[in-house]
Structure formats: structure tokens, C-alpha cells
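Each chain gets a letter, A, B, C and D, in the order it is written, and its residues are counted from 1.
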Amino acid sequence: MNAIADQHKGQESESLLDRYVKVRRQTEALCEPLAIEDYQVQPMDDASPPKWHIAHVTWFFETFILKQLQPGYREFHPQFEYLFNSYYNGVGQPYPRPRRGFLSRPTLDEVLAYRSHVDDAMTDLLGTADNTDVLTRTELGLNHEQQHQELLLTDLKYNLGNNPLKPEYVAANTIATNSTPLTFRAYEGGIREIGATGEEAFTFDNELPRHQVLTTDFELAERPVSNGEFIEFIEDGGYERHELWLSDGWAHLNSLHENRWQGPLYWRVKDGQYFNYSLSGGENPVDASAPVCHVSGYEADAFARWKGCRLPTEPEWEVAAAECAISGNFVESRQFHPCGTPADADGLQQIYGDVWEWTSSAYGPYPGFKPLAGQLGEYNGKFMANQLVLRGGSCATPHDHIRSTYRNFFYPPDRWQFSGIRLARDPQ
Amino acid sequence: MNAIADQHKGQESESLLDRYVKVRRQTEALCEPLAIEDYQVQPMDDASPPKWHIAHVTWFFETFILKQLQPGYREFHPQFEYLFNSYYNGVGQPYPRPRRGFLSRPTLDEVLAYRSHVDDAMTDLLGTADNTDVLTRTELGLNHEQQHQELLLTDLKYNLGNNPLKPEYVAANTIATNSTPLTFRAYEGGIREIGATGEEAFTFDNELPRHQVLTTDFELAERPVSNGEFIEFIEDGGYERHELWLSDGWAHLNSLHENRWQGPLYWRVKDGQYFNYSLSGGENPVDASAPVCHVSGYEADAFARWKGCRLPTEPEWEVAAAECAISGNFVESRQFHPCGTPADADGLQQIYGDVWEWTSSAYGPYPGFKPLAGQLGEYNGKFMANQLVLRGGSCATPHDHIRSTYRNFFYPPDRWQFSGIRLARDPQ
Amino acid sequence: MNAIADQHKGQESESLLDRYVKVRRQTEALCEPLAIEDYQVQPMDDASPPKWHIAHVTWFFETFILKQLQPGYREFHPQFEYLFNSYYNGVGQPYPRPRRGFLSRPTLDEVLAYRSHVDDAMTDLLGTADNTDVLTRTELGLNHEQQHQELLLTDLKYNLGNNPLKPEYVAANTIATNSTPLTFRAYEGGIREIGATGEEAFTFDNELPRHQVLTTDFELAERPVSNGEFIEFIEDGGYERHELWLSDGWAHLNSLHENRWQGPLYWRVKDGQYFNYSLSGGENPVDASAPVCHVSGYEADAFARWKGCRLPTEPEWEVAAAECAISGNFVESRQFHPCGTPADADGLQQIYGDVWEWTSSAYGPYPGFKPLAGQLGEYNGKFMANQLVLRGGSCATPHDHIRSTYRNFFYPPDRWQFSGIRLARDPQ
Amino acid sequence: MNAIADQHKGQESESLLDRYVKVRRQTEALCEPLAIEDYQVQPMDDASPPKWHIAHVTWFFETFILKQLQPGYREFHPQFEYLFNSYYNGVGQPYPRPRRGFLSRPTLDEVLAYRSHVDDAMTDLLGTADNTDVLTRTELGLNHEQQHQELLLTDLKYNLGNNPLKPEYVAANTIATNSTPLTFRAYEGGIREIGATGEEAFTFDNELPRHQVLTTDFELAERPVSNGEFIEFIEDGGYERHELWLSDGWAHLNSLHENRWQGPLYWRVKDGQYFNYSLSGGENPVDASAPVCHVSGYEADAFARWKGCRLPTEPEWEVAAAECAISGNFVESRQFHPCGTPADADGLQQIYGDVWEWTSSAYGPYPGFKPLAGQLGEYNGKFMANQLVLRGGSCATPHDHIRSTYRNFFYPPDRWQFSGIRLARDPQ
């Protein structure tokens, strides 16, 4: 991350401050529709309360920048280091994750005061800073906050979408979409390069280093799998046919007993019609032309097998995506829901935005990967086990947060993220 | 419960309305110190959120009185019947108990509007009612609400007391107390009567019918076991000595792994000194002279064995308590914590208030017990398995809610209630 | 237990030796139909392997008699004290119960050698002993072994009855039975005495002391509930109607998911007909006239409620049984299965043998109960929590092991014992 | 697998019969030291009973060859198809894996009769067969049986090694070994080929197709990590230092409570000395020069990080191993335990045999992977999730079963296999 340090040093630090303010305000803007009660709830271990998110991203700046690099900084509260530590054992034993929703105190007001306190100190620091560590860690902290903006939305959705009242987050913001046929685009195999160079404005350590990969010839679907196609899978007995499933997926499915999956998360059937819940507009009939969303890696894999295809590998995905402009349905559209492909679509569509796309690749280190030094080394590297890579960002991702080299990762059974499917196949 | 119907019919209905208003206001008064966030939290399955409590007690009046006995009543919200049903399968499948804390909606404001709506309708109804069912169910509903006032406090305490910030509910309200020696009072055995007659202003069905019991000669401690005495138990290895424990208790203890009990709930040791958490004043040094509180039935039994005593049976307790005036440290004292025996105490002390006292008696039906008819039959009777009776009320119980025949019941491992120990023994 | 000591002292010790030999041989006789593999299996935590049972009963004599009271006794193996300790923490930390079935070593041959070694030493000791402790503990050891004879059969049945091959233990031994109407016998209430006097040849500590109880007038069914009656319950939706169940029972039922109980243990429906598994003869159509068996306390309670009756209390049961001769279908009949009432039955039938009868009474100490001194104090007393009393013995109980004061106890959900239902009711 | 079909057709079928006999006899030879009880025990869900293994491998021949390809074959028992199905949903719902150890019936004798019955039919079939399917499936069945020979030993070891008596399987068979320094061998990166060609005598479907991979320059340790080196890791706080562990590994470790790992499986410390359990000779002091064994993928990864190294990727391992002769400490040595490197070792040592070596590669499909057609498609492909590849075989693997392309796979927490560590690193 030297590039970003160089870039921001000196006169550039002012724009970093602007960016700091912008990202921090965006977090608050996303919270505007929330009731105080919504900030408090942790409806499953993985779905942290919004209040915790907005405290934790603040903790990140306080812990790794202000306390370490700002002489004379006065910490806001002696126990917040413990309460809002996510998983940094190097900082100390974190407060237990499944209990985050039990912290009615500090109240939202107190957490907002914490944000102000840290924002004031960060503003002072960034106004004068000429310190590479300050600049690179601030950039990291802002990207970190953007990640939590998305998580705040997915975790909130898990709360509201499981509430029998099906409350909406914002009013529906309908976009007319069209169904386009499922076509594939061919890519030639060979030695390719993926990963970040380190010359970018910012990248996470797990995107480095740029390195050669070898791919075989492959084809990639030109758009994500649609709800309509997924309904065909359901109605063809997709959830009942063991031969479509990985063994662990089938076992997981059957362990859910009466809550056995019958479709994607947030779907239900009423009077023979499929409904799904959206942050925008609450529960409504499923739009057949929109990308299927909230499927686990197991479901993505089973669907692909049913379709005679497979999931793309991480290198295949990146090779294809690197050729595409970064545009699409991001959080800025305020859809908060994936939408269908434009009628006049041509070429690879919706590779960015709408839904994170499951790959078949285990999340692991690139050849020569080095975690960040010190406590921040826990940011990414220690999670390189048991997870799959997802790519491309979603309708809850900030536009300027995504890039072709960006690696997201979740466990195969996870489905509360905006996760969908792009099919790949070997040449026919 | 015909007595109460007779009493309230006609001119008496005005005073029932007064009582309705008074009890409902008391619930709201107890909530005054809460932040909105505090209303939302369910820190364990058994400890429901305050917001749920205040909605559920309202649901009780709506479901069993207004919907059934008030023609033309308009229900407040079609899904509240489901959301705020505690356990009445006769009404319908209840919303799952462990998920109550996930309901950020309805918000507190909406729940308060629900309360107002129901209060208005109840006020109308009680102003004119001449219907025995209305009167008896209203009385039941008010006693039900008083039970939840206590639960609201114990559940809130579980939340705040487990928060690392140890926030207080109200400021400390210190009462100087003195330690008195542990003396026993002898009672002669024989045929005695316990249970309610049905002629009382109000009793629960589980207190009926009054019936004969046979007791042997016994002795009862003149005050509850104190913290000081319990510290002696701890320091004598009480939690490490299997021979003091029931087999199930010992197994439970060892299943808790690193969270193995070392003392009562809300206690911890710092620098060799014992501290405990109180709703009033937060965490403070343990008062050696106050009754030990927040012990499970297993701990109560183990302590008694260590002391060469035993727990009283339910009939023994009631025989002794029936002779005592109902006075003591109730919720009205606003201590919210048990306190020590007055220095000039004489005779049986603190049999009411301060702490619920574990008995050795399984919670079961009295001979000839009949549950209430209809849906309300689920109120008490179906819980007559696997629980022990506790008696006497606590510092969180409303004064006019308790009586000598009152039967409370919890599982042997439970300890989040204000539960303590009164020793009994056979004549020496 | 001084009586038994007095009785056996001196010239009586010879007959104790005879009895020792007889009981020990009976254990071995029960094992004759077993394959070596059958000795090894522990199909659930509660159902210990036969090999463990026959080692543990031997351990009892070695640990509490030979090692403590026979100078110069040489222990058979230094680790058997650990491996075959059931739950005596006073002896040491026992080998974990759920892992008993994993001990392929010592082999059956080695365990039989252990039995011989201990039998030789016990024979020597009993041939000459004039020591009260030896005599009383030997008598306790023999009663202990008889208890394990029954457990060996029930645990074996759980193994074989859950094996898809449904292997029989012995060939069917059909007894023609008749269905008799369900009639009740009235008992007058009042002060009665129950419990053992201590003057009996042998009793367990939990039967002592004899004491007064107060019963109200009650009626007791003259025979156990039959399979035919239980089928009526099933076909009336008994397992689907929440209002028939204790809350804990209903929760337990629903926690079993796809294995939700549909009938007693070992039952299944094929082509609309009910079959059950018996140790004698394997799987056969249910005999409608035989007592229903292998029901939990929850099912017994639900059935009674459905029938407008209740379960008897422990004192009611004993008052009635004390008037009856001890005869019935015990293990000596080699039925290993309950059978119907004789056609010419008159008065209280099958109160002993056939099936253990659930009472509504929690298993607790009688007034003035004192556990045995020392390590043997763990025999009974520490289990006085969370269990219900069952009475009367079963088709797997040795005839000379049962008596009117005998208290058996299991948890309400347990149903792998030969447990059935005798109804009680208040006078009509 | 056409190559093997071609090879065996016609005159070659005789040698396949010889091989059939040899492999089947080897299974029986491995069982010779077992007591009947040892055949029965399933000490954890993953560790099936030997009796089940020897029935299941027989089932494989019966189900996929005799029933499908041998007209007139009479099945041995109608329920064995169900009882001994491992995981082939295409054949039917298998008997639940965790309950295999509860099947005391069929007895060992009956299972041996099953083996004979199938051996007779297979002998007839192979004596005359000219059917490609018969030949290829027989070869598959024999390789399948060899896999279960290893599993039988590892599962038996889990049983005996956890028995407090620490019984040995065979007497110790000591081999003097020497400690050699840990040196690395450099490999040049580039495009390489891995995987099977399909021209081999036999390979599993998951080894196909041969394909190009791209490796960077790397170094591989010339021998496995030794016990001595692993002791250094332990004594340097390896199990206490979170920074050495993957997050999932650290969480797993801490979830084990008082059974938290302190060293490899089968190790314990007595009086400051390390002991481990071996099938040959039982419990003995750890040989510091022998390869560390019975470590999980998490421990392997943590050790590598502690040592400043990493685990090899699957392609790195295969590229290196392909140059080595297949020799080493296999099951034929009857060591049943890894042993140290020869004193005069030169070059890459012990790449085959001794211990399976964890790689950092997720077990997944090779590009263009096609599972076998039909029911046998469940053999390998459906397990391609959540597991890591291990390579090289162990001291429990038959010599002629292993090859450079052989892919074994287990979950990161698994450690009951003979699994060890070979370090890799980037060029220094």
C-alpha cells in the first residue's frame, strides 16, 4: 500500500479528509430510516446490530490510528476497546460476538457521541498529518467502514425480513426490467494475470500480489441467473434431489428439519405465488427477470449442476471482469435489491453490483501473500479456511468500493448476503 | 373465583377500574428509568424484553377480555395476537419465545399506542360492566400484569447486570442493616390446612383448593441465609465438593465449563473481595448481612446440606408463613435488592419480600385441583412438571400481590429471579 | 438395615452365601442368549452395554466389600475401579457414562474372569464372615445386582429393538390373555402409613422411614391401561393435541422433529396395523389386551388427562398395593413382555409385575430420610431431583426384588424401561 | 478407466481374480489380532466399526457388480443393502452413520458368511467375465477395499488409543531411526502437468484429467516435520498463541473446553515426558526423530506459520513427488506407526508412506472433471467442499495403493488419520 501513501502524503491529505467525511456521513445517511430499536437487534450471531457496526467502525479509527499515532489522544471510554473489538486478538480478547445485541448500553446517543469524538480527533489529525501510517490506515479504515455499510444493510435486512410484520426500510423504488435470454461468452485459456499490483489507490492485502494464473478455455454466462430460472429449479424438485447437491450441502439441508430450505432466503409461497422480501418495499411478488439473490454456495452449486454448468473459478471470474467497466446497481441507486438486465443488454452484464457471485474457489492466499504487519495482520489472512470467494459487489456495495480484484468470502451455507449465481461452463 | 366476582359486581366495578389504572400506571412507572434500547433486549431465552412484557400484558386484556367479551371491539393490529402470545396454544401457535428480542418492530411508540388503545377500551368496558367474566378476568389480568412487573425487573437485571458497563437502573438507596444470628423456630407437626379457600379477593387456580396436609415437627430458620453465610460455604469449597450436590446439580455445574458457577449470579471476586450487581447502584461490595440472592435450587440445596439442614417443604413454609403479617421489602421500597434483617428483629423475619425462598417441593396440583376453563386453563396447570415451588415474594414483587398461599415455580437450575434460601431442619 | 444384619449374623450367613450364588448365577443365565457383540453395545447414553453391567455389579462387591472389609484382598485390575464405577464420586471420578460402549477391552472373557475372581473372594468371605458391614453390604450388593439384571434387559431391548433386523432375545412365549373392562376401586382417605420400617429383610435407604401420609378419598383402576385403550388415544389425535400435554412434554415432543413420537417406544405402523417389538419373539402385532408399555411420564400424564383421570400419587399407590399379594408377571416367567389380565380377574390386578406404573409424585426424601453413611450414601439420595416415582416392578424384575414400598424413579421423558400406566381419579 | 478395462479383458481376467483374492485376504489378515468386541465399536461418528468396514466393502461388490452385472445372483440378505450402504443415496437412504456401532447383529460370524457368499459369487464371475464393467468395477472395488483397510486401522486405533487400558494391536516392532536436519529442496516454477492420464492401471475419477498447472518457484522440506520439532512448537506456546492460528482453528480449539488440544492426538504428558499411543506396542515415549502424526490441518497450518513456512499446495506436492520412487513405510512394514528418516537419507525423503501430508489446497474438481456415471458418481465428487487435500499415503496404506496423483481429503479439524506435516516455503 505504498502507492496510496505516496499519493496522499502532503497536499493530498486534504482530499483524504474530504473522503473521510464523505464515507462517515454515508454511514449515517444509511441509518436515517432506522428506529432506535432497529439499531439494537442481532437476529443471528452473524448479523450484528447496526449500533454495534457504527461503534465498531469508529473503534477501528480510534484503536489503530488515534491511540497509536496521535500523541495526546484521550480515549472516549475505557471499556469500548473491549466492547467494540470484532476479532482482533492482538488488541485483546473481544467481547463475545453472539452477545453484541445484548448491549443496550452504551445507548445510540452515547455511540453517536463516540463517533463525534473520534471524528473530531480524526479531523484534527488528517488536517495536519504527514505520516504514511496515518494515511494508509485511514484509507484502510474507510474501506473497512464501507464494508460495514454493506453488512449493516444485510444484517438489518435479516432482522426486518424475518419480522412477521415485514417492515420496509425504504419505500419501493421500482425499476422496470426485462428478461433477456441466458447466453454465454467464450474466453480463451492461457496464462493470465490476476490480483492487485500494489499501485492502486487502495487494495486489501488479500488481493496482493498480482500473479499469473493458468486458465483453460471457458464460457461465462452473460448475466446472473434469474429468479425465473431459479423457480424452474425449485419446481423441478431441485431441493429434493440429492444427486444435485454436494454431500455437505445435502446434510446441511436435512439438518434444518422443518425449516428445510424450499427456496432462497426471504422467499415464501402464498397461494401458489412466490413472494420475496426487499429492503425497498417489503414483501412483494418475486420479479422473475431479476437476479436470484440470497442463495448459499450450496444452492448455487446445486443449481449449476442442475443446469449442466458449474460455478466459475476465481481466476475465470476476474479475467472476464477485468475487461468490464465498473458500473451497475450499487448502493447509490437506493434500490437495495437486485434488478433485471436492461432490455438492450449486450456482452457481459451485471458483473458488478446487484449480487455477489459465488465462485468455486476456496478463499486462500495468493502465491507470496503477506498479511499486513502487526495487529492489522488479522484483518484478512486468518480467515483463509473453509470459505468460498464471492466476487463483483452487490446492490448494497458502495460503487467506489468495488474493483475487479476485490475478494469477498463467506461459508458455503451462508445466504444472508446479497449472494447470487453466475454460471460458467467448459466449451461445448 | 366467585368471591371476587361477587365483590366487584355492581358498585364495586368502579374500584376495579381504579385498580386497573393503578396497576397499569405502575408498569409504566417501573419503565421510567429505561432507555429505548433497554426495552428491546432479550439477553437469554428466559429473559424477555421489557417491550415484549408491556405488550404481552396488554395482549392479555385484549385477547381474553376485549375480543371475547366486548362486542364491537376493534383489534389494534391483526398480527399482535400472534406476536405477543406467550404460550397459549389454545389461542394459536405463539411467536417463538427465543426470538422476542429480535422484534425491533413494533417500536416502543407503537407498543405504547397499543397500550393506550387497550386502556381506552378497558376503561369503557369497566365503567359499565356487570359481567362476572369481565370482572374476574380483569382481576386475573391485573395479577398477571403484576407478575410481569416482577419479570420485567428480573429480565432487565439480567441484561444490565451482564453488561460489562454495569449500568444501574436507579441510584443506590442504601439501607443500613445489621447481622443477626441464625436461629430456628420450632413448629409442631400434625394435620394442617394450606391453600386458598376461594373466598379471597383473588387467587390463582394453582392455590386451590384449600386442603389438609400432614407435617411432622420441624424447625424453620428465623431469617433467610445471609451473604456472609454463603461466603463461608464458598470458602469451604462448596462449589468443589460433589458430596454436597444433587447429581443433576453437579452435572449441570460441570457442564458449564469455564463458566462454572463460583458464587451466586451477579457476583464476582476482585482482589479477594466479593462484589455483586444491584439494580440500585450497580456493582458494589457484597453486604454480608443481606440475604443471599440469585441462587439456583441446586445451590440452595447444596448450601442446606453443607449446613446440616434442608430446604423447607411447601406445606411447612405455608404453615409458618400463615401466622405472619405480610410486610417486608417489596418493590414499593424501591430498593430492588434484598436487605438485611432489622437489628431488633424478633420471630420469623423476612418471610415475605426480599427473596423468593426455594422449597424442596415439586410444583404439582393440589388434591382436587381444576385448571381454569377454556384457554385460560393454560395459565398455570400445564407447568406442573420439573419445577420447584418458591414462596414469599421478593424485593421485586408488588406488596399487594403476595400472600401466604402464593405459589411461584422455577426450574432447579434457574437463578435469574430474586431467589434465596430459608433453612429448615428436623427437630434436634 | 440393622434387621437384616441381625438376621444374617452367625448361622444365617450360610444362606446369604446361597443367595449370593443364586443371584450371581441368575445374571449369567440372563446373558445366555447373547452373542458376544450384544454384550458390547450402548445404543444410547442411558442404555449401558451388558458387559459393563456384569462388570459393574462385580465392581460393587469388590469396591465396597472386598477392598474395604477383606484384609489381604488382591484387586483384580488397577484400572477397573475407574472403568466400572458408575457414579460414585466418593470412590473417584468415574469413566464417562456415554463412553461405556467404546470399551472393547477388557473383553467379555476378561470380565468373566473378573467375576470369577470376585466370586471366589466373596465365597471365602461369606463362608466365615461375622461382620455386620459385610452382611448388609452383601445384601445391598445382591439387590443392586438384581436392579442391573432388569437394566441389562431394558438396555439390551433398546439395542435389539432398534436394530432393523429386529432380532429376538428368546423365542415367543405366547400367553393367551383376555381383555377385561376398565373398572375402578374406591379407597377411603385418611392418615395412612407408607414406607419401610427397617425391620424388613432388606430395603433401600430411600424407602425409609415409615411415616404417616394423608390421602383424600380416591379411586384406582383395577388393571393397567391396555394397548387397545392407548390405540384409541392415538387415533383420537392424542399426540397432536397440545391441550392434553404438560408444557414440558409438548416441547419435548416437538423437539424430536421427524422422530416425533407417534406411539409408545418400539411401536410402528405397517399397512394400518400396529406392531411392537418384544424381547420374546421380536416384532409382532400389538396385543390389544396387554398393558401398554414403554410410555414416558409425559405420555402417561397426557393419556390420563385424555381419559378424564390422573396418575396416582405415590402414597395412593402404596396404600392400595400394600393390601395385595406380590405375584404377577416377573422375570421368572420368561415372558420379558407384559401380558393381559386373566379373564377371571377380580379386584386390583397386575399391581406387581408387567409394567412399572408412573406416579405423579416427584422422587424425594421421606420425612427424616437419611442416606447411607459414607460412599454408599450416593446410592439413592443424590438422585432426588427432576425424577418421578414409578412403582410395582415389571416383567423384567425379579420376583423377590419387589415389594409395596419399593421406589423406582426415572425422568419424565424416559421410556426405555417397561413403564406403563395405572389410572387414578377423584371420587366421581 | 478404459486402460484398465483393456488390460484386464480376456486372458488378464485371471490375474484380476488373483488380485481379488489377495486384497480380500489382506483385509482378513489385518483383522487377525482383533477380539470380537473390537469389531463392534464405533468410538466416534467418523470411526466406523471394523465389522461394518468388512461388511461394507463386501456390499460394494454385491451392490455394484453382482446385483447389477451377474444374472441370477441371489442376494445374501434383503436388509444388508440398507445396513451397509455408506453414503450412496442413489442406492437408497443409508442406515445412519453414527449408529453403525449399535448393530450387534448381524454378528461377526454372519458378516464373515456374507463375505464368503460374495467371494464365491465374485470368484465365479471373475473366472469367466469378459465384461468391461465387471472388470473396471472390480478394480474399483479392490481399491475401495484398500481404502477401508486403512480406515479400519485408523478407526481401530481411535478405539484402542482412547481406551484407558491402552491395549496394543500388535507388539512393538521397533526400528532404530536417526534425526536428520530439516533441509529444503528448491523447485523451479512454471507450467507443469499433474493428475492422471487415464492410461494408468487404475486411478480414481478425482485424479483425472491430467492438466497443466502453473507453479511459482518453491522449496519443499526434504523430510516431514518430526516429533522433536513439534515438541518445540508446543513448548514455545504453540497452542496458546492465537496469532499462529487460522481463525476457525482457534475457535475450534477453544470450543473444546477442558479437552482443548495440548498436543497431537494420542499424546499425553506424564511427569514432564511426552508419551504417545501406537498400534504397535501401545503407549510409549514419543520418538523425537519420527514424523509427527495425528495433527489436524489447523495444527499443521499453525506449526508451519510458527516455523516461518507454509504448507505446500497440491500441485507443488505432486510436482515434487512425481520424481520420487514409491517406496517407504507402508502397511506391509507392519510398523503401523511412522518412523524416522534413515541416517543416510539424501534428497526428498518419506514423501510416500509414514504420514499423509496436509496441503493447503481445498479438495475440488480438476478442470474438466467428470464423476463416474450412475450411482458410482457419488464415490468422490460430492465431497468436494470444505475439505483439504492430503497426499502421499501413510504407514497404514497398502504399498500398491498409492501413487503421485493420489488425492486424499479430510476436514481441517480431523486428526484421527495418520496425518502429518511437510513444510514448504517460498524461495528465501
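The working rule: a residue touches a chain if its C-beta (ideal position, glycine included) is under 8 Å from a C-beta of that chain, and two chains touch if they have at least 3 such contacts.
Values in this document were obtained by computation on a predicted structure and should not be read as measured data.
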Maximum distance between Cα centroids and chain C occurs for chain A
Of A-C and B-C, the pair with more C-beta contacts is B-C
Averaged over CA atoms, how far is the centre of chain A from the centre of chain B? Could you give it in whole Å? 46
Euclidean distance of C-alpha centroids - chain A vs chain C, Å: 59
When the centre of a chain is set as the mean of its C-alpha atoms, what distance in Å lies between chain B and chain C? 38
Multi-partner residues in chain A (2 or more other chains touched) are none
Touching residues (chain side chain A, partner chain C) in the complex: 257-258
For the chain A and chain B complex, residues of the former touching the latter: 35-43, 51, 79, 82-83, 95, 99, 101-108, 159-160, 162-165, 167
Give the list of chain A residues in touch with chain D in this complex. 87, 89-90, 191, 211-214, 216, 242-243, 245-250, 298, 301, 310, 360-362, 364-365, 367-368, 377-378, 382-386, 412, 426
